[in-house]
Amino acid sequence: MRQLEGLARLDRRWIFTVTGLLVLIPLLWPLNLPLTPSPPVRAYYDAVAAVPDGSHVLVSCDFDPAARPELEPMTRTTLRQLFAKRCKVVVVVLYPGGARLVDQIVREVATERGALYGTDLVNLGFKAGNEAVMVLMGQSIPNTFPRDQNGLDVGTLPIMRGVRNYSSFPLLVSISTGYPGTKEYVQQVQGRFHIPIAAGVTAVAAPTMYPYLQSGQLLGLLGGMAGAAEYERLMHESGPASRGMDAQSLAHVFVALCIVLGNVAQWGWKRREGA
Amino acid sequence: MSLHPSHDLGVWVAAALTLCIFSFLYKDNPFYKFAEHLFVGVSAGYYLVLSFWTVLVANLWDPLLAAFSGSHGSPVAVRLGDYRAFLLLPALLGVLLFSRFVPRVSWLARWSLALIIGAYAGLKTTGFAQGDFVAQVQGSIQPLWTGQWGTSLNACIFTAGLLATLLFFYFSREHKGALGGASKAGMYFLMVSFGAGYGYTVMSRISLLIGRLQFLLYDWLGLR
Amino acid sequence: MKREFPLFVTAAIGLFMILSFFVPHQAVSVPADFFQQSAVIVVAFGIVLGGANLLRVNLEAVLKRQAGWPYRLVLIAGLLVMVLVGLIEGRDFQAAGTRSTWIYDQVYSPMSSAMFALLAFFIASAAFRAFRIRTPEAGLLALAAFLVMLGRVPLGNALTAWLPEDLRLGSVAEWILRVPQNAANRAILIGAALGVMATGLRVILGIERSYLSGEE
Amino acid sequence: MLSCRTASVLAILLLGIVPGAPAALAQSQVIIVPPPVIQPASPSAGSEAPRNATAGGGTPAPRPARGLNWEDVPDDAGRALDLTWQLSPDDTLHLPLLQGYHVMRSENPGGPWTRVDSLAAGVSSYRDQSVTLRRDLPYFYRIDAFGPGGVTPQGSVTGPAIAVSQWFNHTRWSVLALTMLLFTFVLFFIQSAQGEGKTPFVRRIPGIDAIEEAIGRATEMGRPVLYVPGIQDIDEMQTVQSLIILESVAKTTARYQTPLKVPVTYPIPFTIAQEMVKGGYLQAGRPEQYDPDCVQFVSPEQFAYVAAVTGIMMRDRPAAHIFLGAFFAESLLLAETGFATGAIQVAGTANANQLPFFVVACDYTLIGEELFAASAYLSGEPKLVGSLKGADLMKLVILVVVLAGCLLETLGYHGLTQWLATQ
């Protein structure tokens, strides 16, 4: 009982230390805990794989640095899968505050995979206006984004030849953290322009997307870091999400353990006080 | 693994400030106090600059200038939705806010508050009526029998939970008898929902910590 | 004038804004747009007022050498530097490569993310010290948290891989989120909407008028 | 004072019985005006019809679009027109004859024409909501097909198209009906409670009772009370509600002579909070004890504010923390740090995602609507409590509507659901 009393009075800094270590250690030394790709993730992978090689794919990256740990890894893996299929990737950003981060990610992956800017890839940058922009893109993408992220006239880029509106793409990939994002694409674009959508969202938003997945409005779904890690597993990568997921698993088990231990300790202490 | 610390001064500043904030975990200390006060100062300054350029200049000064320089026709063409010249009124009310620094006339600031409160109370009342009241009620209406046992049961549980929880918020009667039973059930639904909310937030919180640690390890220390 | 006039203004504008939700005609929508724009502008003036107040309070504290005054100096310096740089750089202060952007990226944003990251530590500590199961209600809360937490990571599913698909932790967690938590959340939303509407009506009609109280 | 309020009530009631203004009919008509003679058009759909080859060294110009229709956009202030047309036969993916369409507008069927917008190929509808469009003015429209070979105007002109404004947004009937029902209930019960002069019954709300208990504890310990009115600006009704409650709290702390600390995120709530605290001290009969600096403006940034508030918790050691208002991720930092200091904590918010952390780490929590009931509960004024009764009656209406709706849906009738749907 004495030990339990000690536990009940445990300084919270011990808990902080354990939490910190459980997150830090897997980042330094990956544990590669078991990961089984769930059906929505597999469906996402299949949706990208089913795109004909060499076709145009629209990728809407709607997140800012706050969602970076969750959404950056899946963005990178998606781009890698697309470049491996020699797809021509058109990137847009509708979420304020995300343009520079997205540009950095896109260019890094392009360099790593030898994709040529303007031919294999274009980043059209950020456009304010939320759903209105989505609908405008349905009329004309070159009109909605006359210049790319760096102010280049999109008419001069070889990749934009043949890009009109949603009908030019066999797939739209929406990676989003909030408003505007996947939900708005489903409501505004899917219904109106009938373009197939595959989505990656934060863990917080994932449950709200399940209805769209069930109804077939989304072909596949990556939910937060877990989804990204499973996707990396399918692509045979050991990326930041897989390592992050090791940390997630350990931390979740630890928090669950904290609830149990905290109550056991309290219970023991109470009994001792009562006696 | 090897270290390649960043050569960018900005990254070092960001890393140092991150560590100052994290030091609060040990206890309140001078480093945290420094970061805390810097943060408050810089963020208040940022909001000030932001509202100066994006509201006071863009939405007030520019339209007023255009209105009185006569560059776009008459300054008061309300019929056409052009009320630029009237923007003098909010400008005046904005200045009246500063009457609070002079106790004798500080009541003048109430006129400005009256405008703000009236406008937002009206907007929010109808905004909530549509988005959180009618739309949520509409979204809750679903067939209780779908031809499938599983989904039908879920629909019934959902409807029962919704109505019971709503009755938990019934204030003008003692929670006894049938109402007591319903509100008790509502309480249980609330508790399950809070537990689920807690459990499901854990993931995004840990992700944020991972993000910060990745910044320190990879961007700052250059661990490879 | 001191009391009745503001109450009248609140009532008139409030009712007009309610009307404008239902009436798209320009006779209503244009003035409503103007009132909304005006509110935004007055609030922006308020931010300037807040900055001035912050400066006054902290300067006073420094001059009076109150406890912790050197930190207040840091606050004042942060505020003034940010404001001066932002005003000098003009309306493009948020463009790439400006000093304001540097301050935002290297000072403001890391501290904001670091504060956010502290939540990870506190969520564990709250679980240990505050999650007390004293009543059946608290038990339900803890159980739901436990199931959802484990169901959201691959480890939870691996532990229950021997069960049929629908009973695995991941499916259970998803069911809890979709059915009971959705029901309760929606009731909270609807209840709160009624609260907002009733409070809004009371404020607009001056029944709840204490925000304009104080001496005559 | 009273007259002003009566007028307002009257206005509300009037609002309720304003008959639905005649909904303007959406017109759709095409006036075929003889094709403008200025440019050669090629109306024939025949494959070998003569085309005007103006450029591109022999590349023929695309054939024109056909069947342009216009419709006034309903439920707006007459600021937009919808156009639809049939694609040019040359509008196919494989033939590079057509690049897109120009939407042309004129105030006369004969021109002069101005280009409103250019659209990509494959587009067959357009909503003209350009700033130059004026309501109640007749316009004529034409769709020009363009390609490397030149521009082909449409063979006919459509118009006159007129954008009209409407007096009622007919997609919002259900919102109007239910809002008016709630307002009627609330005003009726306020009226009747005032008439009877006695306070209607309200069930006990432990969280609200706990506020006074917490202040009492702080007084016994000789330590201050910390009041956090959420982190949102005045446009959030929870902030308004919290500031109203603050007055009652200030009254109590004034009576107990306990110091109060109110850090605020935004300047306007800060200004109002000062008024509220001052008012509370005045009502308690101790205006001389009011310290204007007990309310402090911190910063609108969420975590800068939290950093400052946790600083107050660690350094000034308040014995009671009251968190009422709109909270976000910071709720956990506040509640858990507060828990660590051992203070008695009362929280309340309508932000469902943050309630778990308050429920876990605080002694009492006001859930959702309980926050909005708090000012009425604390004041005990008959008319305020009457308004709670009005909202309660509305809950019974919702109960009936949801049950009836589910029943109808089960039986395959979707009328109620459709009526409730809004835009």
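Lettered A, B, C and D in written order, each chain numbered from 1.
Note that in this section a residue touches a chain if its C-beta (ideal position, glycine included) is under 8 Å from a C-beta of that chain, and two chains touch if they have at least 3 such contacts.
Quick caveat: nothing in here was measured; it's all calculated off a predicted structure.
Enquirer: Looking at contacts between chains, which pair has the highest count of C-beta pairs?
Expert: Counting C-beta pairs in contact per chain pair, the top pair is B-C.
Enquirer: When the C-alpha atoms of chain B and chain D are each averaged to a single point, how far apart are the two points in Å?
Expert: So the centre of chain B lies 13 Å away from the centre of chain D.
Enquirer: On a C-alpha centroid basis, what's the spacing between chain A and chain C, in Å?
Expert: 24
Enquirer: Per the centroid of Cα atoms for each chain, what is the distance between chain B and chain C, given in Å?
Expert: Spacing between the chain centres: roughly 3 Å.
Enquirer: Going by the contact rule already set, what residues in chain B reach two or more other chains?
Expert: 21, 24-25, 33, 35-36, 39-40, 42-44, 46-47, 81, 97, 100, 113, 116-117, 120-121, 123-126, 128-130, 133, 137, 140, 159, 162-163, 166, 169, 190-191, 193-195, 197-198, 200-203, 205-206, 208-209, 211
Enquirer: What positions in chain C touch 2 or more of the other chains?
Expert: Within chain C, the residues that touch at least two other chains are 3, 7, 11, 15, 18, 21-22, 26, 30, 39, 42-43, 46-47, 49-50, 54, 68, 108-109, 111-113, 115-116, 118-121, 123, 125, 129-131, 141-142, 145-146, 149, 152-153, 177-178, 184-185, 187-192, 194, 196-197, 200-201, 203-204, 211-212, 214.
Enquirer: Of all residues in chain D, which are in touch with two or more distinct other chains?
Expert: If we look for residues of chain D contacting two or more partner chains, we find 77, 172, 175, 179, 182, 234-235, 237, 240, 268, 271-272, 298-301, 303-304, 307, 315, 332, 340, 352, 355-357, 359-360, 367-369, 373, 388, 391, 395, 398.
Enquirer: Line, ring, star, complete or other: which describes how these chains touch one another?
Expert: complete
Enquirer: Which residues of chain B touch chain C in the complex?
Expert: Residues 10-11, 13-15, 17-18, 21-22, 24-25, 33-53, 55-60, 78-79, 81, 83, 86-87, 89-91, 93-95, 97-98, 100, 107, 110-133, 136-137, 139-140, 154, 157-163, 165-166, 168-169, 186-203, 205-206, 208-209, 211-212, 215.
Enquirer: Touching residues of chain A toward chain C in the complex: what are they?
Expert: 10, 12, 15-16, 18-20, 23, 33-36, 38, 65-66, 100, 203, 207, 210, 226, 229-230, 245, 248-249, 251-256, 258-259, 261-263, 266
Enquirer: Looking at the complex, which residues from chain A come into contact with chain D?
Expert: 12, 139-143, 164-165, 167
Enquirer: Can you check the complex and tell me which residues of chain B touch chain A?
Expert: Residues 1, 25-26, 200-204, 206-211, 213-214, 217, 223.
Enquirer: Chain A touches which residues of chain D in the complex?
Expert: Listed in rising order, the residues are 100, 117-123, 126, 340.
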